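Both of the next two complexes hold chain A, though its partner changes from chain B to chain C.
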Partner chain A sequence: MVNLEKSILKNIYLIIILLFLILSLHRGTFEIAPFIYGAFSIILIFYGHFIIKRFYPNVDKYLFIISAFIVQFGLVMLYRLDLQRAVRQMAWFAVGVTVFIFVLLLFPNIKRLEKYSLTFALLTIIILTLPLFLGREIKGSKNWIQIGSFSFQPSELGKLFIIFYLSGVIKKINDYKDVLRYSIPVVLSIIIFVLEKDLGSALMFFGIFMTMLYIGTSRISYILSGLGLFGIGGFLSYFMFDHVKRRVNIWLDPWKDKYGAGYQICQSLIAIASGGLFGTGLAGGHPEVIPEVHTDFIFSAISEEFGLLGAIALLILYLLLIYRMLRTALYAKDDFSRLVAVGIASMFAFQVFVIVGGVTKMIPLTGITLPFVSYGGSSMTISFLSIGILQKISEVGNSDE
Partner chain B sequence: MNEEKLLRNIKALIVFFSLIFLVIIGYLTYFNLYLSENIVRDSSNPRIKLSEEDVLRGAIFDRNGKQIVYSKRTRDGQKRYYKDGEIFAHVVGYNSYIYGKTGIELLYNDALSGKTFYYDLLGSIFRKFAQTFEGEKRGSNVALTIDYALQYRAYKLLGSDKGAIVVLNPKTGEILTLVSKPSFDPESIDKNFKKYKNDVEGNPFLNRATQGFYPPGSTYKIITAAAALENIENIGNEKWLCTGKLKIGDYVLKDFNSEAHGKIDLKKAFTKSCNFTFGSLGMELGFNNLNREAEKFLFNKDIVLEDLVIRKSTYNLEDKNSRALLAQSAIGQHGVATNPLQMALVAATIANEGIMMKPYLVKEIKDEYGVVLERKKPQVLTRAIEKETAEKIKEYMIDVVNKGTGVRAKLSNIVIAGKTGTAEIPNSSETHSWFVGFAPANNPQIAFAIIVEKGGTGGKRAAEIARELVSEYFK
Partner chain C sequence: MKEIAMILKFIVIGLIYLVIFRIIKIMYLDLKGINRIKAHKKEFALEINDAPEDIGITKGSLYIIHKVMSIGRNFDNDLVIKDPYVSGNHAKIFVKDDRLFIEDLGSTNGTYVNGRRIDKIEEIEEGDIIDIGRISLKVLE
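Our next item is the complex of A and B:
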């Protein structure tokens, strides 16, 4: 087990070195800077792994290893696209690893949070409404808070709060009346998201809720009525909100207005198509022509340069990560922790599905981040916080064995 | 809460998420296999420009190595220069990132932009390697079969008229001249595209030489004569009494100025372009013979060429038994429509003993170091008529220029064979002026077709252009 881990880590280091070797040579001259950047990355992974191994030899170390590997896709891509952002992203990676270690070392047993359900519900609503008063519109969505030069996306933290809330209340559900009562914070959140034009988060909240509801109650009828209501809501909001209508129309035929409203998605599709099976090779394509390539469309950039194979590899890494999360849920000691783990796993699964499906035009595009990969501090920090919480659950789960 | 149930649900969730990811992967694979090909080619793909900007686009030369089109580096990319742009526009086409590409710029885009894997794999790997060290990537050059001086002269000869001129080598099919007027300037295409596009009257983007759709008029008598020679025995001895007016039921087919040629044989009828005789021949031959002969010259057939797109010429009568229509079709006035390139091929077929060679525009492709990547070889397009038939018609055509309707094409030192044509324009008193032929008659080196829209009779404007062209070529 330990040897396997070591060999996996060694291979990850090797891949990082190779990727940055390409970046140091691609302009025709040898540059040292990419190696320094890559070395930072390796040190962070090594350090994070060292702490887990040193203090918690029994926990599931793959949660961290896989996450850290996924982060490399984003770092390499960002380094190639935009050096300034890449440096900041490396800082966020460091923050993420730090948060992860802090959670691991300082957090109480997750089970103790079970009794604060109501607090989490209130926190969710408060934090999600903040942008309506303090926020400003970025990229057509009013879901940011800006304090000085520091901007923050509260929906990222809101996702975790709602998961904690749901984990606490879902087992209390016995009938439809309970479903209605306990779903009030979720429904409120979704309405807020629609008002903030943050449809991606609305979709994710709904996905997380449905998944946890089914896992906790085993009642398929709840899910079907939930889907039905969501369908009606979606249908109505298509006619009520112009921004919803516009997104759906772009999805149906982006090429109609390929230099206007459909520009982003068309450029994304062209990038993915340009990659082919093997990709153009790192730094061999032109993903920089896609607007917002460093955040929402980073998957398209990866598809262009790493090809279909690279994109599938990344998706498999996510699937492995989600599998390890659900495995953690299986081995957890109490239902609350289990549900938290399930919630976080479905959060990642839906987030990847929504954004990858969006940039490939499988489903309508809604701007959310690709966890661990997209540029951005909120997303990176919350993703590592989530991994930290799961690690904590896994630590408790394994501690008695 | 039943713990067992919870665990079972979580396991089911693992399967569910695996399926979701499988769906994404499946969709991505489907996208790559079936959708991506068209998406990459979309004009909104900036990569096309980016990758082409990277490689200095290759030049286009005439048959003697004279530069026609070339590119130069600028501070922010490269600029393409077209020498005598309007004169060569319909051959080389244009190269625009907004409006796309046409002509040689389109058909030989791969070679011009340096993608030569198709021509020689090993060499292109070597070139890539060499270019990496030189620091400048250059595309390959295309040498045309076009003769710069002759093309230039042909363009000027058309003056301010609309029309087209095609000159080719009847023995090889190499196109020496291909002019269409009005023309456009490829160098300023981005600026003037809309102006050209909106010019409905002049339609400068229309390549009249290959896309024209004109009645061939009396030049079509070449084909009718071939049909007569091949289908009617002893036709050489047959005589007609031309009254200048051929009555077919209620319809009267007139000769030019209703001139009565009197007693006349086929050779003389051809020389004088006698409508009476050819109208009678058309009725005698009938639809099947006329149609078969037209198709021997590839009317009603798709001619697929590598370097050009040629519009299908047609021979078709709405009533195959109508004697009036048969008579009119035999003199190229009704039911027949063609383009100058096709008529140049008809003349070339007579010049080349009945064999029609495949016309082509590109002589060879050379990489930037001068190594020949591909050299085009002459190919036979079709064996249209017997050698004897061709020889006879050649004699007729020599007479046309010596003492017939085409006398204005006559040169003192070179024997020219030709046929005039005056194509009537429906609902108009004006006519298109046609002249097709070849020279020198005994050993043909060029065959040509000239049309001047609304240029009057074929014996005047077009015949004079033919004379000037031939003397330019043999000077």
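Our next item is the complex of A and C:
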């Protein structure tokens, strides 16, 4: 097992070196800069893995290994698209690994947070309403806080808070009245998101809530009525809000306005199609014509340059990561930790589904980040924070065996 | 240079799938490991087969063997036999890899498995009769 783990890490290092070798070759001459960048990445993975092995030999190391591997797709893609952003993203990767190690070494047992569910509910609402007052509108969504030159997306942190809140209260649910009472913070957040025009996060909050409710109570009737209400809500918001209507119309037929509103999704589909099975090769395609390719549409760029096989490999890696998270949930010692693990797993699952479904025109496009891959500090930090929390749960779960 | 990059592209995709395959292999081994632990968790016990009435152990009583069970006349043993024919630290029974072993700790009168005196460590199985001093124990699973 240990040997296999080492050879997996060696393979990952080799992949990183090869990817940057391709990048350094693509202009016809050999360049050294991509290798330095790649070496940073290798050092970070090595360091993170070393810390886990040194201090917690019992914990699930694959959570970290798989996430670090997924990060490489984003780093190499960003390096190819936009050097300045790539350097910043590497810094965020370093911050992410640091946060991960901090959570692992210093965080108390997750179970202790169970008592503060009301605090978490309040924090969620406060942090989500902040952009309405302080925020500025970026790309049609008012979901950013800017302090100086540092901007921050509070919905990312809000997701974790709502998971902690729900894990605390779901056990107390006995009938429909309880469901209504405890779902107030979730419903409020979804309304805030719709007002902020951040539909992707609204969808994710709903998905997380439904998953955790089902896992916690195992009653299908709650889920069915939730889906019914969501359907009615979605139908009404289609007529009430212009931005919802516009999104759905673009989704139904992007080609009607292919130089205007539908431009982004059309370019994304063209990029994915031109990739074919094996892809155009790194730096061989033209994904830079897609607007926002470094954040929301990075999956299209990966599909174009790594091909269908590369894109599927990325999705398999997400699948394995989520499987590993659910495994952590199975091994957790108490219900609270178990629900937190399930919540985080469903958060990743819905996030990947919503954005990959969006860029491939399977569902209406809503701008959220692809965890670990998209450019963005908030997303990277929160993703590693979640992995750290799961690692902590797995450590407690394995400790007295 | 472009051609090399083209070839490397296929190598990279191959390697990515190799990593995925290896991770899946580890997870598969991990799942099998869980099943093995669950399926083969054996528990052993000792039943008092025969004992004289004056040593405070009733015939037919059961002693579950956790990882290790020490037998002897001293009070710090797991199974205390107040019999002058039993040594202070007489013998030790332990479980290793789901198998049961008995070790004689240099007793004066010896430990017998199925009527045969044992030297040092010997594996025992369900149904074996162990004689220590004047008492007789039966291994149960």
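Definition applied: the second predicted complex is superposed on the first by the 401 of 401 C-alpha atoms of A that agree within 3 Å, B and C clash if a C-alpha of one lies under 4 Å from a C-alpha of the other, contacts with A are read in each partner's own complex, and residues count from 1 in each chain.
Just so we're on the same page, contacts are C-beta pairs under 8 Å (C-beta built on N, C-alpha and C of every residue); 3 or more make two chains touch, one makes a residue touch a chain.
All values derive from a computational prediction rather than experimental measurement.
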Checklist entry - Between chain B and chain C, positioned on chain A by superposition, is the outcome a clash or a fit? => result fit
Next on the checklist: Applying the document's definition of touch, where does A:Cys266 land relative to chain B and chain C: first, second, both, or neither?
Outcome noted: first
Checklist entry - With the two structures laid over each other on chain A, which partner does A:Tyr323 touch: chain B (first), chain C (second), both, or neither? => result both
Checklist entry - A:Phe306 contacts which: chain B (first), chain C (second), both, neither? => result second
Next on the checklist: Between chain B and chain C, whom does A:Ile36 touch in the aligned arrangement: first, second, both, or neither?
Outcome noted: neither
Checklist entry - When the two structures are laid over each other on chain A, which of chain B and chain C touches more residues of chain A? => result B
Checklist entry - In the superposed arrangement, does A:Ala349 touch chain B (first), chain C (second), both or neither? => result first
Checklist entry - Which of the two partners, first being chain B and second being chain C, lies in contact with A:Gly285: first, second, both, or neither? => result first
Next on the checklist: Just checking: does A:Ile8 make contact with chain B only, chain C only, both, or neither of them? Give me first, second, both or neither.
Outcome noted: second
Checklist entry - With the two structures placed on a shared chain A, what shortest C-alpha distance in Å links chain B and chain C? => result 8
Item to check | Residues of chain A that lie at the interface with chain B and also at the interface with chain C | outcome: 28, 316, 323
Checklist outcome for this item: Residue positions on chain C within touch of chain A in the complex are 1-2, 4-6, 8-13, 15-20, 22-27, 29
Next on the checklist: Quick check: in the complex, which residue numbers of chain B touch chain A?
Outcome noted: 1-3, 5-7, 9-11, 13-14, 17-18, 20-21, 24-25, 27-29, 31-32, 35-37, 39-40, 42, 44-47, 50-51, 132
Checklist entry - Any idea which chain A residues touch chain C in the complex? => result 1, 4-5, 7-8, 11-12, 14-15, 18-19, 21-22, 25-26, 28-29, 62, 65-66, 69, 278-279, 281-284, 306-307, 309-310, 313, 316-317, 320, 323-324
Checklist entry - Can you name the residues of chain A that touch chain B in the complex? => result 28, 171, 211, 214-216, 218, 255, 258-259, 263, 266-267, 269-270, 272-277, 285-286, 289, 303, 308, 311-312, 315-316, 318-319, 322-323, 326, 329-330, 335, 338, 342, 345-346, 349, 352-353, 356-357, 360, 362
